[in-house]
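Please find the structures below.
In what comes next, chain A is part of two complexes: it sits with chain B in the first one and with chain C in the second one.
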Partner chain A sequence: MTAAAKTPATMPYDVHAVRADFPILSRQVHGRPLVYLDSAASAQKPRHVIDTMTEVMTAEYANVHRGVHWLSAAATRRFEEARTKVARFLNAAEDREIVFTRNATEAVNLVASSWGRANLREGDEVVISWLEHHANIVPWQMLRAEKGIVLKVVPVDDRGALVMEEYERLLASPRVRLVAMTAMSNALGTITPIAEVIELAHARGIPVLVDGCQAVTHLGVDVRALDCDFLVLSGHKLYGPTGVGVLYGKAELLSQMPPYQGGGDMIARVTFEETTFKDIPQRFEAGTPAIVEVIGLGAAIDYVSGLGLDRIRAHEQDVFDYASRRLQELNSVRVVGTAPERAGILSFTMEDVHPHDLATILDRSGVAVRAGHHCAQPLMDRFGVPATARASFGLYSTREEVDALVAGLERVREIFG
Partner chain B sequence: MSDELRDLYQEVILDHGRHPRNHRHPEDPTHHARGDNPMCGDRVEVFLTLRDGVIADAAFEGRGCAISVASASMMTELVAGKTPEAAEALFRGFQALCTGADHTHLPDVDASDMERLEVMSGVRQFPMRVKCATLAWHTLSAAMAGADRASSETDGGKS
Partner chain C sequence: MTEDELIENFSLFDDWEERYKYLIDLGRRLPDLPAELRSDAYKVEGCMSQVWLVPGAEDGRLHFRADSDSAIVKGLIAVLMVLYDGKTAREILDTDAGAVLDRMDLGSHISPNRRNGFYAMVETIRKTAAAAAGNT
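Then we have the complex of A and B:
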C-alpha cells in the first residue's frame, strides 16, 4: 500500500514517512508550507484513498446491486467489501449492521426519522449533552416539533467534562427513551465516559446512539465492547472522501425500523398498490449510493488499520501534550476545555483578539485552524465565548507544526499589541 | 508580516475594534435590527433614531472580530445626520469598496465618506472576511427597511 502502512506494532511511528503518503501536505499556502491543523473539520486524504478511487473509476466502475454484467458485479463486490471493512473496523457482529449514508448528520437524521418516529411519542424524553455537535441536536429538535418529545441535556462542568451525577438524575425519569451522545467532543476534545453512559442507560433498558465522528478517528471504537445500539461516523474525518457516512445499528434494532427514504435499491417488489422493502441494510440505502466514496472509505480504513490505531493514538497524544504545554506558555492564551480526558483537539481563545482575526493572521503563515463555534453554539454559550480558535491534530501532525502555530500566535500578538 | 495583513489590520481599525464608538443601547430607538453571521456566530444589533427624516442617532451592540466591530463603529459615525437614502447609498459604495468593484462613479455617494471608509479596503484581499465588514451595514439596511433581522449570508461565500 505505502511505505508507512503495514508496519508492525513495535516499529517506531515514522510521522515523516506517514506525511509522504498525503500529497496535499507538501503544498504551500500563501508561500509558506501548509500546516494543517483542521483535521477535526475534515482530514486530508492519503494517496491510497486517492489512488483507489481513481482506480475504481478507471477500471471497475458501474452501478451496484443491479446489472448482470461483469462490471456491475465487480463494483458491487468492491462496494460490499468496503462494508465488511467498516464492520471489522468497528467490530460489528454482522456486515448488515452497517448502513451507508451521505454523512454522519444523515445517519442521525435516519435514526431520528425512522426509529424516532416509530418509537417516540409526546412526552417521551431524549437525553443529549452540552457537548453535542448541532448534528446531534437539531434532528431531535425537529422531532420535538413534530412529535412533542422532550429534550434533556446533560451539563458539563467548567472543564468541559460531563457531569455524570446529572446524567444519572436525568436517566431516572421513566420517560427517557433514548440517549444520544458523543464519545468525544469536536469542539473541546473532551472524551466522554461513553462506556459508563451506555451501561447506565442499559441498566434501565434505554438504547444509546453514539456520535463517533471524532472517537473513531482518534481513539478507535469497538461497538460490541461498548454495546452501543447505534453509532454514527463520518467518512471524511477518517481520512476517507466526503459524501459518505455510516450508521451502525444492532441488527435487531435496524430490522424493526421502517425505511427512511423510498426509491430504488431499497425495494423487494413494487406495484402501484404495494411495495415491499428489502432487508437491512439495503432498506435504508435508497437510490444509487456513493459507490466510489464508499470504496474510498474502505481504503481509508485499510490505511488507518495498517498504521495501527494504537500507534496513531500514541503519536497524536504526544503532539497534543506538546501543544498543550506550548499554549500554556503563552500568557494571553486560554485553553477552553480542560477536562482530564481529552485528545486530538485544542480549543483556545486569545485575550482581546477575536478567533476570526487570529485565524486570518495564522492563515497567512500557512497555518490552518478553525475559528468559530464548531457547530456547537450551545457549548460556546456555556463557556461564555462566541467562538474559539481550534487546532486539531491527525495522524500526520507533528511537533514542528505546533511550533509553527505558536510562532503564528506570537505574530498575532505583535499585530494586536 | 505580510503587507496584506498590515493593510487589513491598520491602526485605525484596531483602534475602532478596541474602542468602538457608539457602542451602547439607546433608550428609545425608532428602528433596530439584529444581524447574524452564521459562519462565526457573531452578532450585531443596530439601533437608529430617525427624526425629521434623518438618522439623528446610530448605535450598536454586539460581539465580533476586529473587522466587524470596527466597521460597525465607523458606520455609526458616518451615517449620523444622513437621510436613510444617503446611508443606503453609502452602503452600496462600501460594498463595492470591500469587493474591489469600482465605487468612484456610484451616484449619491459622498466622496469624503468613502475616503474615510477606504481604511477598510484591505478586506478585499481576504474574501472570507468581507462578510465581517458588511454585517453591520446589512443590519443597518434591515433596520431602516423595518425588518428585524439581517444576515451576512447575502454577501456570498460559505458558512
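Then we have the complex of A and C:
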C-alpha cells in the first residue's frame, strides 16, 4: 500500500512517513506550509484512497448488484468487500449489519424515520446529551413534531463531562425507549463513558444508538464489546471520501425495521399492487449507492488498520497532551471543555478576540482551524460562548504543527492588542 | 475617505499583518451601534460572526449604520461604509465590493459563503439599493 502503512506494530510511529502518504499536506496556503488542524470537520485523504478510487473508475466501474456482465460483477465484489472491511473494522458480527448511507447524518435520520416511526409513540422518551452534534438532535426533534415523543437531555458539568447521576435519573423513567448519544464530543473532545451508558440502558431493556463519528477515528470502536444497538459513522472523517456514511445495526433490530426510502436495489418484487422488500442491508440502500466512495472508504479502513488504531491513538494523544500544555501557557487563551477524558479536539477562546477573527489570522499563517458553533449550539450556550475556535488532530498531526498554532496565536494576540 | 484613497492606503502595507492591523483600526474608529439597534430586527444571520445593519434613506441617497462582534468584520464594515454610505442606489448597484476587497488583498472574506455574515451584509445592502432603485 504505502511505506507507512506497512510498518509493523512494534515499530515506532513515524509521523513524517505517514504525512508523506497525504499529498495535500505538502501544499502551501498563503505562501506558508499548510498546518491542517481541522480533521474533526473532515480528514485529509491518503494516496491509497485517492489511487483506489481512481483505479476503480479507470478499470472496474459499473453499477452494482444489477448486471450479469463482468464489470458489474467486479464492481459489486469490490463494493461488498468494502462492507466486509467496515464490518471487521467495527467488529460487527455479520456484514449485513452494515448499511451504507450518504453520511452519518443520514444514518441517524434512517433510524429516526424507520425504527423511530415504527417503535415510538406519543409520550415516549428519547435520551440524548448536551454534547450532541445537531445531527443527533434535529432528527429526534422532527420525530417529536410528528409523533409527540419527548426529548430528555443529559447535562454536562462545567468541564464538559456527562453528569452520569442525571443520566441514571432520566433512565429511571418508564417511558424511555431509546438512548442516542455520542461516544466523543466533536466540539469539546470529551470522551463519554459510552460503555457504562449502554450497560445502564440495557439493564432497563433500552436500546442505544451511538454517534461514533469522532470515536471511530480517534479511539476505535468495537460494537460487539460495547454491545451498542446502532452506531453511525462518517466516511470522510475516517480519511475516506465524502458522500458515504455507515449505519451499523444489530441484525435482529435492522431485520424488524421497515424501509427508509423506496426505489431500486431495495426491492424483492414490485407490482403496482404490492412490493416486497429485500432483506437487510439492501432494504435500506435504495437507489444506486456511492459506489466509488464506498470502495474508497474500504481503502481508508485498510490504511488506518495498516497503521494500527492503537498506535494512531497513542500518537494523537501525545500531540493532544502537548497542545493542551502549550495552550495552557498562553494567558489569554481559555480552553473550553476540560473533562478528564478527552482526545483529538481542543476548543478554545481568546480574550476579546472573536473566534472568527482568530481563525482568520491563523489562516494567514497557514494554520487551518475551525471557528464557529461546531454544529453544537446548545453546547455553546451551555458554556456561554457564541462560538469557539477548535483545533483538531489526526493521525498525521505533529508537535511542530502545535508549535505553529501557538506561534499563530501569539501573533493574533499581538495584532488585536 | 474615498474608495481610491482607501485602496491606496492598503497598498502602502507590504505584509498582510499590517493590512489587518489597519483594517481593525478602521473598525475601531467606527462608532458603535447603540445597544437598542443591536437587535434581532437588524441582525444579519451568519454562522461565525454577528452583524447588525441599519439602512436608511435621505435626499435620494442611502445611508447605513452597522456593527459586528468581530473586529475584522467591523473593519470590513468600515470599508463598506466608504463604498456604500451616502451613495445613490444606482452607485451602490454598480459597485463590486468583492473586487475592491480583492485589491486590498482581503478577498477571502467576501467569498459567497452563506454562513459568512459579512457576505450576507453586502447582499442586504444590495437588496436595499435594488428596492430603492425600483421605487424611483
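Methods note: the second predicted complex is superposed on the first by the 417 of 417 C-alpha atoms of A that agree within 3 Å, B and C clash if a C-alpha of one lies under 4 Å from a C-alpha of the other, contacts with A are read in each partner's own complex, and residues count from 1 in each chain.
Convention: a contact is a pair of C-beta atoms (placed from the backbone, for glycine too) under 8 Å apart; a residue touches a chain by one contact, two chains touch by 3 or more.
Here the structure is a predicted model, which is why all the values come from computation and not from measurement.
A.B. asks: Superpose on chain A as described above, then tell me if chain B and chain C fit or clash.
C.D. replies: Once both complexes are aligned on chain A, chain B and chain C clash.
A.B. asks: Check whether A:Y322 is in contact with chain B, with chain C, with both or with neither, and answer first, second, both or neither.
C.D. replies: After superposing on A, A:Y322 lies clear of both chain B and chain C.
A.B. asks: So, A:Q377: does it touch chain B (first), chain C (second), both, or neither?
C.D. replies: So A:Q377 only meets chain B here.
A.B. asks: For A:F277 in the superposed arrangement: first (chain B), second (chain C), both or neither?
C.D. replies: Touch status of A:F277: no partner.
A.B. asks: Chain A residues touched by both chain B and chain C?
C.D. replies: 30, 353-357, 360-361, 364, 371-373, 386-387, 411, 415-416
A.B. asks: Which residues of chain C touch chain A in their complex?
C.D. replies: Within the complex, chain C touches chain A at residues 16-17, 20-21, 24, 47-50, 69-73, 108-109, 115.
A.B. asks: Report the residues of chain B in contact with chain A in the complex, numbered from low to high.
C.D. replies: 1-2, 4-5, 8-9, 14, 18, 39-43, 63-67, 126, 128-129, 132
A.B. asks: Spell out the residues on chain A that touch chain B in their complex, using ranges where they run on.
C.D. replies: Contact set of chain A toward chain B: 30, 352-357, 360-361, 364, 371-373, 377, 380, 386-387, 411, 414-417.
A.B. asks: What part of chain A is in contact with chain C in the complex they form?
C.D. replies: Per the stated touch rule, the residues are 30, 353-357, 359-361, 363-364, 371-373, 386-387, 411, 415-416.
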